[in-house]
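Worksheet for the structure shown next.
Letters A, B, C, D and E mark the chains in the order given here, with residues in each chain numbered from 1 onward.
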Amino acid sequence: MRLWLLYRRELLIEIRSGVESFIPIVFFILVVGIFSFVLNEVVSNESKVLVSVVWITTLFTSILSLDNLFKRDHTDGTLAVAVLHSDAVIALVVAKLFGHWTLTGIPITILGPLIGLMSGMQFEHAAMLGLTLLIGTPTITMLGALVTALLVGLGRGGELLTILILPMYIPILLFGMGVCHLYIDSAPYTSELLWCLALLTGTITAIPLALGPVLKLSQDS
Amino acid sequence: MRLWLLYRRELLIEIRSGVESFIPIVFFILVVGIFSFVLNEVVSNESKVLVSVVWITTLFTSILSLDNLFKRDHTDGTLAVAVLHSDAVIALVVAKLFGHWTLTGIPITILGPLIGLMSGMQFEHAAMLGLTLLIGTPTITMLGALVTALLVGLGRGGELLTILILPMYIPILLFGMGVCHLYIDSAPYTSELLWCLALLTGTITAIPLALGPVLKLSQDS
Amino acid sequence: MTVTDLHCQPGSQELFNGLCLSIVAGEVCELRGPNGCGKSTLLRIMAGLQQPDNGKITRFIEPLGYLGHKFGVSSILTVRENLQWTSTLCGNRLDSHRAREFLEKFQLLSAANKSIQELSAGQKRRCSVICLLIGNYKLWLLDEPFSSLDSSGEELVRELIQDHCRNGGSTVIASHSESRFANANQVELGIS
Amino acid sequence: MTVTDLHCQPGSQELFNGLCLSIVAGEVCELRGPNGCGKSTLLRIMAGLQQPDNGKITRFIEPLGYLGHKFGVSSILTVRENLQWTSTLCGNRLDSHRAREFLEKFQLLSAANKSIQELSAGQKRRCSVICLLIGNYKLWLLDEPFSSLDSSGEELVRELIQDHCRNGGSTVIASHSESRFANANQVELGIS
Amino acid sequence: MHRLASPQHFFLDTKMWVVWLYVVGIIGLLVGSIWGLAFVPPERFQGDSFRIIFVHVPVAIFAQIVYISLAIAGGVHLVWKLRMADVYMAAATPVGFWLTALALGSGMMWGIPTWGTPWEWDARIVSTFFLLILFLGLIVLRQVIPNPARATTALSILAIVGAINIPIIKYSVVWFNTLHQPASIELFGDISIHTIYRIPLFTNIASVFILTAGIILANMRYLTIERNASKTWVQPWIQGRDQ
């Protein structure tokens, strides 16, 4: 009896928020989907498998680490103090984004090709992987930070973030991974690379400006 | 100048805790490693790829959702109240674990084989996938909860959890996935299945008992 | 409950050195001292939420009611569900008539179906006091129970504590404002 | 700063209906009322952290200093680093001599290199008051600034507020205990 | 048009619109579908299974168009703070979700006879699947954020940023020819879109458009009532609904 009530309370907490309780399931379907999608057509070529895995892992690493980007500051109330300084908030945001990129984007950009080389990838293929990651990781940070900022203070992390962010990441994933695959196939890749650059430019100019107002709004729970 | 100081503060927060700041990187290497490992030997068989992907995703889903298992209760102080009722805490813990399993384990057990069937897996292969998931998901919940409990109140979620939990998950992953692979290859799989069951029995008897004291300890910081 | 020869040194600074304390039934014990002198730490040690570096603590009655700086109520659940959860934890059914009485007394009736995160600080504190009452604990360990309560709430809690001690319970309170209890056992903690 | 014709209805219950308020330089304005009457909400609206359903707020001076129920200091950083961060945010360099003076005044010197999460509740509050002072704000919005402070800390903060207003600043305080300021402008918020 | 920006006039003026949109849409859909199912000769290669095209294509096209309209409404909301834009977003999100689900479902049904499997991990299908997730994300976000003002802004931003997926869906078959299975476009080339197929197909596309507009409008009217429940002009309608 007591066990049942306690158990119900657990369910209650989860179910209270409606659709939210299905997030883990959606997340599950999503991740299976994305992996299968990637594995599906690359099983013939070792380098391509590696490129795909590196790119996907980049996305997940980014999502998991973005979870904490604003949460801690919001919990201890420093975010509220910060958004009141409307002139300083853009600097703060840029600092935050750049800090995040230095600690996840840069290591990934370096490690990705390194792991590739170690697993027997050709040098120029690894270099191209590095280049796409260099363009891709800041884009990923920007897009992810925007979605994270929208969710600040809602007390729901990981999975919700994932299902909201992953769709945003699809273009950069497709183009970034696409460039590498095309390069490995010795096919022309310039237009895809330009798309990557366009995404980078777009996000890097618009998102830091948008983040200040979004964060201010997020104080209003 | 101001930007630099703000930027340094961000780095400082990340670096303050020593090893913690390398978590994203370690996580990245780990995940790339585990995928490469899994992909390495299965690239010839469609069903096997699918089984592997489903199993891995199960692990990640579990990790992401475990993050919230005790955190919320700890933040609002109910966990402290709960551990003081030493007679009730075991019921509470079992309720929590079971609640978690109902909301993630059961859906995964159902969805995994379904996705398999949809992607053209044979019926009996999908059924075996379902069986191993049925045995595996409670084990995963138990092991994960133990690690989560050890980390309660440390304020670092996702990645740290992942790199601590993943090693614990390796045995059940190997045996669970192994049974499916063997079955698909029409090889004998009984001993692996027994190992799965042994892991399930072991964790399900020991861990709920251990969680009470572990949670009480975690209040002390 | 007795505490003997307690040593505790979190970080570099020594907080207690050979502290002895015993709490008898019907007693209000007030821990007093300036900010950072270790009142909260002592309460947590007495509750068993923290381990001292040295010393022995004997608890004759368990479980005990602890109310810390955190409110100890699930912020995602409503007030009523929190009361229910507490009584489940203590192993008794929630007497809905009694619960209603408490809610009325604490002026929470209109907020009974709001989730805790929508309440004001004082309302949260009221809710956690009700949870304490529902628990039927003998020994109360209260860390600044009056903070964020208005004067009527303060008076209410004061009376509840006095009633509790009159009925053979005992209470340990950490506070820094002037004493609210005439017959309290005042423990001045060391000024560091 | 003026607030005109404010309406706000979070949830089902109306909090303000046509509230008007104006704060002039050198004034202490005390928002008073029982728990849950909307003091914190009003302060957050005045700070711009929350949007009212209706009404107009004119802020003549920005940025303003806000101190809420949360402490507003990074719990993973030390006291000194938090002070530094605040002054960076406000666009000036931290005058280390001034900082030292503040720390001494608030008896935080010994805790200056501890991280905030290791401090007691009162010490955290002291730290956030120092951050407020470092900000050099003209208008202070303080939500129960005296809670969890001991009597010496309370006296200190009271004097600081009076000094601040004497120098042409203004302060809005939410509180429910008896007034601490003789010349304060008392605003009684509606009892819901 | 100005009149329609006020909730009351919007509600009163659009009553008959919904009825007409429903009537025309349903009749059109019936005509197009019966024509397509019964009176069009079977296709050379696929036999009768190709008839799913009369559902699949209109629904798939409008799933994307609804999303684009959401992004536009989001932009309108952010720039002009128009309340109707928010109502539109709230009303159209579930419609878009179901359209996408139908597109996926009909595509899967079609895939069984043609591809031999309901699901292939090709770029078109996956990007459509992510469109579904985007709609779901919008629905979840509205539920998760308690404050309506904040929810609307968050939704607008998410809708706008998510719109970069639409070109991906549209051109997935062109851009990622290495990724995608030999599917829709080639098959379509084989059919070479005879007039006999084209007329019922276009009838259905037009009808789905009209019906979608009707459903969204009805949703908007419902939401208008719900959000203004305390206003006096709403009272007769609420009482009417209760009876």
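Just so it is clear, a residue touches a chain if its C-beta (ideal position, glycine included) is under 8 Å from a C-beta of that chain, and two chains touch if they have at least 3 such contacts.
Model, not experiment: these values are computed from the prediction.
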Q: Walk from chain B over to chain C along touching chains and report the minimum step count.
A: 1
Q: Please state which pair of chains has more C-beta contact pairs than any other pair.
A: A-B
**Q.** Centre-of-Cα separation between chain E and chain C, whole angstrom
**A.** 56
Q: Could you tell me the distance, in whole angstrom, between the mean C-alpha positions of chain A and chain C?
A: 44
(Q) What's the distance between the Cα centroids of chain A and chain D, rounded to whole Å? (A) 37
Q) Taking each chain's centre as the mean position of its Cα atoms, how many Å separate chain A from chain E? A) 28
Q) Considering chain B alone, which of its residues make contact with at least two other chains? A) 2, 6, 9, 13, 72, 88, 92, 119, 155
Q: Any chance you could list the residues of chain D touching two or more other chains?
A: 51, 74, 76, 85, 89, 91
Q: Please set out, as single numbers or ranges, the residues of chain E touching at least two other chains.
A: 121, 149
Q | Residue numbers on chain C that touch chain B, as the complex places them | A | 44, 47-51, 62-64, 66, 68, 70-76, 85-86, 89-91, 116, 131
Q: Using the touch definition up top, name the residues of chain E that touch chain B in the complex.
A: 117-119, 121
Q. Where on chain A does chain D make contact in their complex?
A. 72-73, 75-78, 80-88, 92, 216, 219-220
Q | Complex interface listing, chain E residues touching chain A | A | 120-123, 126-127, 129-131, 133-134, 136-137, 139-141, 143-147, 149-150, 153-154, 157-158, 161-162, 164-165, 168, 175-176, 178-179
Q) In the complex of these two chains, what residues of chain D are touching chain C? A) 10-11, 13, 33-36, 38-41, 69, 107, 110-111, 114, 118-123, 125-126, 144, 147-153, 176-178, 192
